[in-house]
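So that we are looking at the same thing, I have put the structure below in C-alpha cells.
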Amino acid sequence: MLDNHTKIAQWVEQFRPYAKEGNCASYIPALAEKNPNQLAIAVIGPDGSEMRAGDTTERFTLQSVSKIVTFILACMDKGLPYVLERVDVEPTGDTFNSIVRLESHQPGKPFNPMINAGAITVSSMLSGDSPQEKIDNLLRFLEKMIGKKVSVNEEVFQSEWHTANRNRALAYYLMASGYLDCPVEEALEVYLKQCAIEIDVSDMAMIGLIIANDGYHPLLKTQLFPKQVAKLTKALMVTCGMYNASGKFAAFIGLPAKSGVSGAILAAVPSHAGLESPFPTGCGIGIYGPAIDTIGNSVAGVHLLKYIATEWNMNIF
Amino acid sequence: MLDNHTKIAQWVEQFRPYAKEGNCASYIPALAEKNPNQLAIAVIGPDGSEMRAGDTTERFTLQSVSKIVTFILACMDKGLPYVLERVDVEPTGDTFNSIVRLESHQPGKPFNPMINAGAITVSSMLSGDSPQEKIDNLLRFLEKMIGKKVSVNEEVFQSEWHTANRNRALAYYLMASGYLDCPVEEALEVYLKQCAIEIDVSDMAMIGLIIANDGYHPLLKTQLFPKQVAKLTKALMVTCGMYNASGKFAAFIGLPAKSGVSGAILAAVPSHAGLESPFPTGCGIGIYGPAIDTIGNSVAGVHLLKYIATEWNMNIF
Amino acid sequence: MLDNHTKIAQWVEQFRPYAKEGNCASYIPALAEKNPNQLAIAVIGPDGSEMRAGDTTERFTLQSVSKIVTFILACMDKGLPYVLERVDVEPTGDTFNSIVRLESHQPGKPFNPMINAGAITVSSMLSGDSPQEKIDNLLRFLEKMIGKKVSVNEEVFQSEWHTANRNRALAYYLMASGYLDCPVEEALEVYLKQCAIEIDVSDMAMIGLIIANDGYHPLLKTQLFPKQVAKLTKALMVTCGMYNASGKFAAFIGLPAKSGVSGAILAAVPSHAGLESPFPTGCGIGIYGPAIDTIGNSVAGVHLLKYIATEWNMNIF
Amino acid sequence: MLDNHTKIAQWVEQFRPYAKEGNCASYIPALAEKNPNQLAIAVIGPDGSEMRAGDTTERFTLQSVSKIVTFILACMDKGLPYVLERVDVEPTGDTFNSIVRLESHQPGKPFNPMINAGAITVSSMLSGDSPQEKIDNLLRFLEKMIGKKVSVNEEVFQSEWHTANRNRALAYYLMASGYLDCPVEEALEVYLKQCAIEIDVSDMAMIGLIIANDGYHPLLKTQLFPKQVAKLTKALMVTCGMYNASGKFAAFIGLPAKSGVSGAILAAVPSHAGLESPFPTGCGIGIYGPAIDTIGNSVAGVHLLKYIATEWNMNIF
C-alpha cells in the first residue's frame, strides 16, 4: 500500500494549485481567515487501514456535510416515514439557500434534506427537548462513529448565528407552512451549531466509510443505523449532495458525496464500487480544501476526488 | 435459472393489480387505447440469457425512454463537449414539460436531456441533413444494439405531431435562446418520431444491458459507444430519469432507469451492482405497464422493479 | 343632500347580503370574531360635510390600509429619493405575502409598498429610535389628519405578533438583502402595530379626503404632505392597492383605493374626478365590511363602492 | 394657442438629447435603421385643434401600441365578458415577453392584454375567418378613427415574422392551455401585422383623443366604442401600458399611456384631467422617439411627456 500512499501524496500536490480558482467563504469571518491553499485527504478502508496526505492535521467545520448526519439521526430518532412526511427527497437544481420553491410548490414541503430549507426541518426533528439536548445527541452519535469527542466551534457558531438572516427567513417560512417540529430559533440554533462542529479529514473518512458500509461500523462491528437509511442517504448524496452541481458531479465523478462551504467533501464508496481500487470492498473519503467555487464546492477538492475516482475506477455507475 | 423464471412470472402477477392506481396516457389516442392491465418484463444478462414474463409480445412506443438513446448518439456524433455546451446535466425537480426554468435561469440552457426541453435540443444535434436522415441514423443505431429492425409508428407520430403545442412552445423558446441546432419544426419532427419508435421489453432490456456494460455490446463483442458516455448516461438516469420522482426512485430503488408515458421503463444494472442477483455481472431490464401515475411513470412497473431490485439486492448505492 | 343620504343608506342595505360570499379573516382571532354581516360607509367632502350609513360606529383595525399612511410618512421623514431607493413602485400580480420575487428579481428590492415585503421596508424607515417612537410618530400623524386620538389595539397586535411567521420570513429575507433600515424584530413590531391601529369609517374617509386633495387638509387649511407624494400614493393605490385584484378594481371601478383584511377600504376621489357626483370637487370614502374574499378584499364593500362610483360617475379614467 | 405651439417646439428640442441614453430596437432590422435622434409630438383636442412639433412627418410602426386598439376591437367584436374570460386585466411586473406566469399560475390565462401573451390571445379573438380578414377589420377600425387609410409595412412584418421565435413559444403555449381562438400561425400573423401597421404622431394623438373621450369621436360625432371599454382600456394603460415601468410611469406622470418598441407612445388625457392645460376638456397625445431604454420605452419620449404632463397639470391622480 506504500505505493498508493506515495501516489496520493503526489496527487494532493498536483491539484493543490487549483485552489487559486476559488475563494474561502467570505460571509463567515472564521472561514474567511482560513489558508486557501490548504488541501488534505484521508481514505479509510473497512479494515481500518488509512491513507492520508496533505494538511491532514487541519481542523475545520462540517457546515453542510452535517446535513447527512442529522438526516440519518432523524431517521433513527423518528423513523423514516415520519421524516419523509416532512421533507421530500427530490433534487431541485436551485441554490442551497433558495426559498422560491417553498412558495411555488404548495404546500411548501422542502424538496430534500440537502438544501438549507430541508436541513433546518431535519434539525427540528432531532430528539431532545432543547437545542442543547438535540446537539448533545448529535455529538454523541458522531462520537460513536468517529471514536473520539467532537465539539461545536463556538466562534463559528456565534458568527453564523448573527448573520443567519437568510436561514431565519427559510425557518420562519417553514414554520408558517407547518414544516418545523420545534420553535424557529431552536431549530436554527441546532442547525447552525451542527454546521459549526469541528472535525478533520480522517473523521470525515470514517463517517463516509460507515455510510459506504450501509450503516455497519466495521471496527465496532455494529450496525449503527439501518441499511435502508444508508442506501437512501447515498442516493441523496448523488442526487443532491454537491449543491446545484450535483448532476455534473454524478455525471463525471459518480460517487455519493456531500460538500460544505468550509471546503469539506465527504464521499462514500460502496463496497461493490471500487473493485479495482486499493479498497476493493469500499471505503470512506474525507477531503478538505477551503477555497470554494461560486456554487459552494471545494475547487481543488473536487479536482482531486475526480482524479482519484477515475484512477481507481470508483464510479458507481 | 428455471427457479428465477418462475419467481419473476409470479411477481408480474403479484404487481399487475397496481395498474388500477394509474391510467393510460390520455392525450395521445394511440396510447389511450392500450390495455391498462398489461404488464411485462424482460431481463437480459451479459451472456445473452434472458428471463421474460407477462405480456412480452406487446409492442409499445419508446416515448421518453428514447431520450437516453438520442443523448448517447448525439455524444457519439458531436462529441461530449459539444453536447454539454448545449444541454446541462443538472436535475430540476420540475415537471417534464416545464418551460419556466428556460426563462428564469439565463441564458436559458436546458438543465438536462431527460426533460423535454433538453431532449428536443439533443434531437436537433443528431447528425443528418434532414429529420429523416437524423431518424434513420437513430434507427440504425438502435438496430445495431437490438439486433433487429425497428421503426416509427406513424399513427402515434401523427397523433403527437398534431397535439404537440407544449413541445412546440419549448422548441421555439429554445430557438429564441440559441439552443437548437436545426430549424424548430425539424427538431420537433425528430423528437416526436423518436418518441414513436416501436419496441418490446426484450429490446429495452438489450439496450439497458449495453448501457449497464459501459457501452460494450456483450454479444457483438464491440464497444458501441464510449465508456464515459455510458457512465454519464447512467448518472443522468439516476438523477433525472424518472421525471420529478427521480429522487424517490433513487432513494428507494437505486437503479439507473428511464421511463416513458407509454408505460415503458428501461433499467441498467451495472456489472458490480447485482453481485447477489441471478445476474452477478449486471444486466438490462425492460418493463412495460401502460397505466401511469400523474408524474408519468408506470405504476405497476415501478412496483415490480422495486420488488426485484430489493429481492435481488441490485441497489447501486 | 338629504336625498343622497337616503340613497346611500339604501345602497348599504342593498349590498349587505353580498357579505355571505366572503368570510372574516380567520388567522387573526380578533378579526375572526367580527360580525360578517356588518357594512358601513362614510363619505366626506372638502367642506367637511359627511354622509354616513350602516354600522358606522363599528371600530376596526387598519391592517393593510395602514400601508399608504406609513408610505406617506416615510416620504415626509426621509424624502422621496431615499424611500424609492429602498422600495420600487411596480405592481406584481402576486399575492400580498409572496416572497418569490425577492429572490427571483435580484437584488431583491421589494416591488411596491402595498405588498407586505415593501410595507415592512417602509415601516423600518419611519423616524424614531425605537419601535415605540416610530409608532408614536405615526399615531401623531394620523391624529393630525383625523382630528382625534387613535391607538393600537393591543389584543390584535399580540395576536398577529405571535402568528407572524410569514411576515418574519419576509423581514429576515429583506434584512439579508439589505432592504431593512432597522433590526428585523423592530420593523415587525412597527409593521404589526400599524396594522392594529383602530379606526372607524369616518376616520378613513377623512384620510381619503386629504389624499384626494393632494395632501391639503381642507378643514385645517394646511398642506400636510407634498402634492407629489399624494399623487404618487394615489397612483400606487390604483396599480397595487387592492391586492392582486388591483387591475380589475381599476378596470371596473377606477378609483385610488386601498383595502385591508379587516374588511376596510379607503378610497380617494380626486378633485376633478367626481364632477357629476354630490362631491364635484372630490371626496374621501371609508368602507367597512369584514367578510372578505380569498384575495383579501371586502366582498360587500367592493360591490358597494363599485355601485357608488358608477352611479356618481367617479371613475378617474 | 400660438404661445403653446412655441413652447412645445422648444420642449421637443430640450428633451431630444435624452435619446442618447437609449438605442433603437436592434432585433428588427427595419427599426434598427431608424434615426435615434428623432423626436416628435402631436396633441389633438376635442375640437380637432392640433399642436405638433419635431419630426412629425416621420412614419413608424405601432408595435405594442397596437395592443390597445385590438383589445378595444375584440371587446366590440366579441363582447367584454367573452374577452375577459380569455385574458385577465392584472398587471404583472414581468417583462413583456415573459412566459413564466403562463405555467406558474394555472390554468395559464394571460394576465393582461398589454403583455405579448395576452395580446396574442386578443389578436386571435378578432372577427374574421382568416388572418387577412382580421387585419382588414382592424385597418378599417383604425381608418374610421384616424380618418385616413393605414397599412401594414410588409418589410417590418416579414422581418418580425422570421424572428418571432419567442412570440411563437408564447402562442403555442397559449394554444396548449386553450387560450387561443384560432390556429397559432394565424394568430401570430395577425399579431405581427398589427405591430407593423404604419402611422404618424398625429394619427396616434387622434386615437388617444377618442380613448380619452370615452370612445366618442368628437369630429365624427359618433360613439365608436362603448364608454365602459374606453374606461377599462385607460385603466389597463395606467396599470400595464408602459411595460414593467408602468408603475413608475403612473407614479411620476400619471397618464393612461401605451408604448411600443418602435419608440411610439400614445397617451389619453381624460376630459376632467387637464383642467388647467391648454386642453381643459382632455386630449390625445402621440409621441415618437425611436431610441428606447432596456425596458422598451422611448427615452426622450418619456422625458418629454413627463415634462408636459407636469407643466400642464395633466396627472389624473
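Going in written order, the chains are labelled A, B, C and D, and every chain counts its residues from 1.
To be clear about the criterion, contacts are C-beta pairs under 8 Å (C-beta built on N, C-alpha and C of every residue); 3 or more make two chains touch, one makes a residue touch a chain.
A quick note: this is a predicted structure, and the numbers were derived from the prediction, not measured.
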**Prompt:** What's the overlap between the neighbours of chain A and those of chain B?
**Reply:** none
**Request:** Using mean Cα positions as chain centres, tell me which chain lies farthest from chain A.
**Result:** D
**Fill in**
Here the gap between chain A and chain C, centre to centre from mean Cα coordinates and rounded to Å, is 48
**Item:** CA centroid of chain B to CA centroid of chain C, Å
**Value:** 55
**Request:** Find every residue in chain A that makes contact with two or more other chains and list them.
**Result:** 104
**Request:** State which pairs of chains touch, listing all of them.
**Result:** A-B, A-C, B-D, C-D
**Message:** Residue numbers of chain A touching chain C in their complex, please.
**Reply:** 98-100, 102-104, 165-166, 168-173, 175-176, 184
**Item:** Residues of chain D touching chain C in the complex
**Value:** 88-94, 101, 111-112, 230-232, 234-236, 238-240, 244-248, 250-252, 254, 256, 270, 272-273, 275, 315-317
